[in-house]
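What follows is a structure written as structure tokens; I'll ask about it next.
Order as written gives the chain letters A, B, C and D; numbering starts at 1 within each chain.
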Amino acid sequence: MFSDYSMSELGAIFAMQGFAGLILFSVFVLMALGLAIIFGQMGVINMAHGEFMILGAYMTYLVSNVFAAYLPGLFGMYFFVAMILAFIASGALGLFVEWSLIRHLYKRPLDTLLATWGLSLILQQLYRSVFGAREVGVSIPDWMMGSMPVTDMIEVPINGIFVMVLAVGISLAVYVMMFRSNWGKQVRAINQNRVMAGAVGINTEWTDRLTFGIGCGVAGVAGSAFTMIGSTGPTAGQLYIVDTFLVVVFGGAGSILGTIASAFSISQAQSIMEFFLSGSMAKVLTLLVVVGILMIRPQGLFALKLRK
Amino acid sequence: MSKTPPSKGPQGPSRRAVLAGSAALTASLFTPKSLLAQDFPTAEVNTTGLAVTDDTVTVGILHSITGTMAISETGSVQAEKLAISQINAQGGILGRKIEVIQEDGASDWPTFAEKARKLLVNDKVASVMGCWTSASRKAVLPVFEQHNGFLYYPTFYEGLEESPNVIYTGQEATQQIIAGLDWVKETKGANSFYLLGSDYIWPRTSNKIARKHIENFLGGKVVGEDYYPLGHTQFNSVINKIRLKKPDVIYAIVVGGSNVAFYKQLKAAGIDMTAEDPILLTISVTEDEILGIGGENMEGAYACMKYFQSLDNENNLAFVSAFKEMWGDDIVIGDVTQAAYLGPWLWKAAVEKAGSFDVDKVRAASPGIELTTAPEGYVKVHENHHLWSKTRVGLAKLDGQYDVVFETEELVEPDPFPEGYQ
Amino acid sequence: MGLHERYLLKVEGLTVSFDGFKAVNDLSFYVEPNECRVIIGPNGAGKTTVLDLICGRTKATDGSVKFKNQELLQMREDQIVHAGVGRKFQTPSVYEDLSVFENLEISYPKGYGVFGALAFRRDDTVQARIEEIAETIFLEDLLTEKAAYLSHGQKQWLEIGMLLIQDPELLMLDEPVAGMSVAERKKTAELLNRIIKDRSVIVIEHDMGFVEDIATRVNVLHQGKMLSEGSMAHVKADPKVIEVYLGH
Amino acid sequence: MTFSKNSLFTRQELIGFIVLAAIIFLLLPAVLDNFRLNLFGKYLTYAFVAVGLALCWGAGGILSLGQGVFFGLGGYCMAMFLKLEASTPENTSIQSTPGIPDFMDWNQLTELPFWWVPFHSLTIALIAVVIVPVTFALIIGVAMFRRRVGGVYFAIITQAFAAILTILIIGQQGFTGGVNGITDLRTLKGWDIRTDEAKEVLYFVNAFLLFGVLLIAQFVRKSKLGRILIAMRDQEDRVRFSGYDVASFKIFIFCLGAAFAGIGGAMFTLQVGFMSPTLVGIVPSIEMVIFCAVGGRLSILGAVYGALLVNWAKTSFSESFPELWLFGLGGLFIAVVMLFPNGLAGIWTEQIMPRITKLWAARAGAVAPIPATSTEEEGAI
């Protein structure tokens, strides 16, 4: 497989594939961070995660239309407004869902899976009724759609860089929130001992709701970013769900760092394999390797060994 | 084949209001034939117990309204309803108004089979306009053959099929592929091709035909061939490969949501299709898909199919304006939508030629049916139940429409089992 | 290594570490047949972990646990049970959705394999044995009751009964009287005194009066290490123990 | 409840079985036309999966989101045999290589892959319908349960398997028929499975098999193994320290569920006439869980009613309101979880049975009551 290429080409391949892998890595991180918060910290299996992402994408679509109609001069900047609104919309929906559904199901994690699956069906149909069955085209500001040549072989897409910067930014934000803020302390306290956390005066109910909301909000931002590289349609969210869960589980639920490490290893593996194999086989092999490793090491890459 | 005669005579179709505003349609182009129902007694035109009464005839529409395929199939449903309402406005078929029973295949092949059975067995519809994916057609095919139903199938597809119970109103693979490849070779001097597709039967079969044609007839070479799972959204790897192999043409048969991801990422990676280096030639992106992809991401690509909304002829102008009047000004019309529109008209012509709704007689009458009023221009039904049609190449513009840059001089003969391409 | 036939259980150099924290550190002790060994020590001393290590619930990092000269550390939990080691948990763990009868029946030492369980029949022997045990644990009138409806003490008894029915040679009890009312506690003491007679027992307990009642020997654990070992009187007099319990 | 009996049924359960048998064997064939009967036949094939899930999930607490894999494997085994029978050299004479399935020919295969060859034999195919899913389940089960992967993790990993198998089947279309599946199946040992009579016969075969499966499930549930499963769900450690190898019980029940699903898949192929990867993926796998949940996850009879009810609702709802049925289905998921966690079986035992008993008790003094009326209500569920 290597013999087809010269040494300098191979160098370029690895550079470019490494970069493609980094973009994929950022995509995985964005997808998985929200879920890592919700699933990892709260143990809630949110099967509607993809739909929360798509809500963010639709918000971006709406904002882009509003800007195109009323503020064409500022169109280049609309994306930032869109991301904030996407966070707010998905987050608000998350708060509502937590209040109406999830809080009744904390003791039955497998049931949250079913309930949120039902929710995802409803959201899909809702998007279809509101926005139509067809995909909507989100126009991206021109400055985001170009690329920067590095050498004559290697070009770097700007939206890829944007996604990467965003992934790093959100990871940092999540990190700061989880490990530096009062809320993060409360979340971790509840994760470790719910009863005790309640006893020492943490408002567990509100912290749960906020956590779920923030997780969904992050999903919304991810969805907003994905309008640059993917499609926005009622059922597009389903495409992400398996990958997302695998990334989180592979990283070791409960560990934000693990999620990032797992996103990194899966994306690099997939991207290298994609170059030498057909895309389908690369995907199958990646999934098989992940599942295989999970069978050998079910707790994932990063999990604390605890006294039972 | 069982043709169970109905026990209680023809059943009244459930009357569902699907046709609205048909009177307002501009049907002037389609010269109404003044056929009166009393000239065609029900007992004579319907000997097999179909849902035909003295003043109505029922047909089925079977597409996905829900699920992942709803995106694609919506346009077909709209086109079929438009055609039916126009036919009714002209007085229907053999003096009978068409009534429609619509069923949802829900993007699920067993459901398609189930609904097809319902339409044929319970509703006794005289014909069915429907299906979009090959998988759904394959699923309903045994049902149609068993119950002797008659299906008008609108999608361009891989060929390799020729059922007595189906009229294929879209192009089969060779019709769509060969003319486009010849064109890109002749006018652009293209020699090397990178074949790319979603991983399922249509892209794979189409690329197989393309490869044979490129290697055996054009003397060109295929420098890469790649498939990604349906719904895949990350194409940076294949874009890197393309950049490395430097083909003259990227031949892309990506479908669905993957399409959007592919073209956006292609553009973002700095491959400017308007520069034609490389040229992008696709057979899977109609105007419908561009809506989702965005005209700015598609500009400069070439598509090869039989119909584009921008076709400049009287039939098409009337069709487009009627379509917009019925379904709204924002709507776009793609190749499959137009092909779906042909279904009811072809059926009407065949029924009138046969003077009967009986499936066997309609089938016998079908080959040789000509339609001069088709938006794509003149079409004719071949012995093998596919259509003779012209193939065109369109250049995608910023506004999401195609400029037709090439059109075959003659109708291309359909060849679902092409010799030398197997 | 010489054969010490006089010991039923030999724990030597037992160590477990959780991410560097040694919950049990180089622990050794020996239990004789028909002995009642009590482990005491402050919270976090590693008492429960010792039991977990012996019964295979936690995998040891180092050391050896020999029961009748079989190395337990290599064995699966169920194999350890079959070897004759029974374990009662600190919080009562009974099957709440099943009746008292069914709870005991599941512990009946027959039909352990998948197909054995499928073929298992309730015959008269089984029934008689279950009724006998039920009487021992004061639950003979509640056999058809769902375990969920039992009181806390009754659940503890039921779990003890589930162990008794297997007739283990070594029984390990984790705080058997914790959380009981005074009356229940009394009954339990009586029950335990009866059942420890013909087997070896390791008990974790805080109630010193109770310990004095039943203990042959006492181990005092502190921070995963053996602080003191001997008769109750001996450990009570040990200055290190006094330091840990009463110091500061 | 008595504890001295080893009997397979309590009186109530026996009545439940008889009522279900009456519905499936008598009522449905009597009131439905051939088309609808065939539809219910298809629903009943999902009931196989749901019964397996009632054991795995309801009793054992193991939620698999990959039952579609086993359903699909069973279905594909059957479809491979039927496809080979349909692909005689005479039927396929227009192909470049006659005698192999059409999709292989389209993909330039020139001979039958070796692993297709055994499927010329009906006996081997029928054995494979059970053995292939069970082997697969065994591998997954041993790998996961021996390492004590359970609960949510198990669910997600089985879901990943569903995704992997779907991509594989679609990608390897030369061997599997790809996204179209294996279609155009015609005869079983020369017997045309497409005729109305055949469909009717297949319905009854299906129903008999389902009752066979129900009896096995009932036997398992009533055995000590059934009680161990429930015990495991509540207190896994206690079971382990009562001397049981917990993993082997989980593996067994998971394999049994896979076997049931495989049989269901094979019957699906026979009745519907094709098998395709859409039945293998994540969506159908989760839907199968909802059949079980609607029925009441503990109840094996409930699972059958759940499969019938949800599918019937899906069909009729999508006939009447095609654009709204996802709202209905989604709402059903949520309602079952939030309001009726024990599903139909729960409604029956908690709401309806007590009333009937009360009614019965009230009347017992006066007239000798006939409880037959109660059975009809269950049919109406």
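Heads up, the rule we're going with is that a residue touches a chain if its C-beta (ideal position, glycine included) is under 8 Å from a C-beta of that chain, and two chains touch if they have at least 3 such contacts.
Small disclaimer: the values here were computed from a predicted structure and weren't measured.
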Intersection of contact partners for chain A and chain B:
D
What's the chain with its C-alpha centre farthest out from chain B?
C
If you average the Cα atoms of chain B and of chain D to get two centres, how far apart are those centres in Å?
36
Just curious, how far off is chain C from chain A if you go by their C-alpha centres, in Å?
47
At what distance in angstrom does the C-alpha mean of chain D lie from that of chain C?
43
So what's the Cα centroid distance for chain B and chain C, whole Å?
74
If I count partner chains per residue in chain B, which residues reach a count of at least 2?
65-66, 199, 227, 229
Interface hub residues of chain C, defined as touching at least two other chains
57
Which chain A residues reach two or more other chains?
125, 128, 238, 278, 280, 283
Going by the contact rule set out above, which residues of chain B touch chain D in the complex?
2, 4, 65-66, 102-104, 106, 108-111, 113-114, 117-118, 121-122, 133-135, 138-139, 141-143, 146, 158, 160, 199-201, 204-205, 208, 227, 229-230, 417, 422
Mind pulling up the chain D residues that touch chain A in the complex?
57, 63, 65, 143-144, 147-149, 151-153, 155-157, 159-161, 163-164, 167-168, 170-171, 282-283, 286, 289-290, 293, 323-324, 326-327, 329-334, 336-338, 341
Residue positions on chain A within touch of chain B in the complex are 5, 9, 12-13, 16-17, 19-20, 23-24, 27, 125, 128, 132-140, 144-147, 149, 153, 155, 157-160, 226, 228-236, 238-239, 271, 274-275, 278-280, 282-283
Where on chain D is chain C touching in the complex?
1-6, 219-220, 223-225, 227-228, 230-231, 233-235, 237-246, 248-249, 252
What part of chain C is in contact with chain D in the complex they form?
55, 57, 76-78, 81-82, 86-87, 89, 93-99, 101-103, 105-107, 109, 111-114, 117-122, 127, 143-144, 159, 162, 166
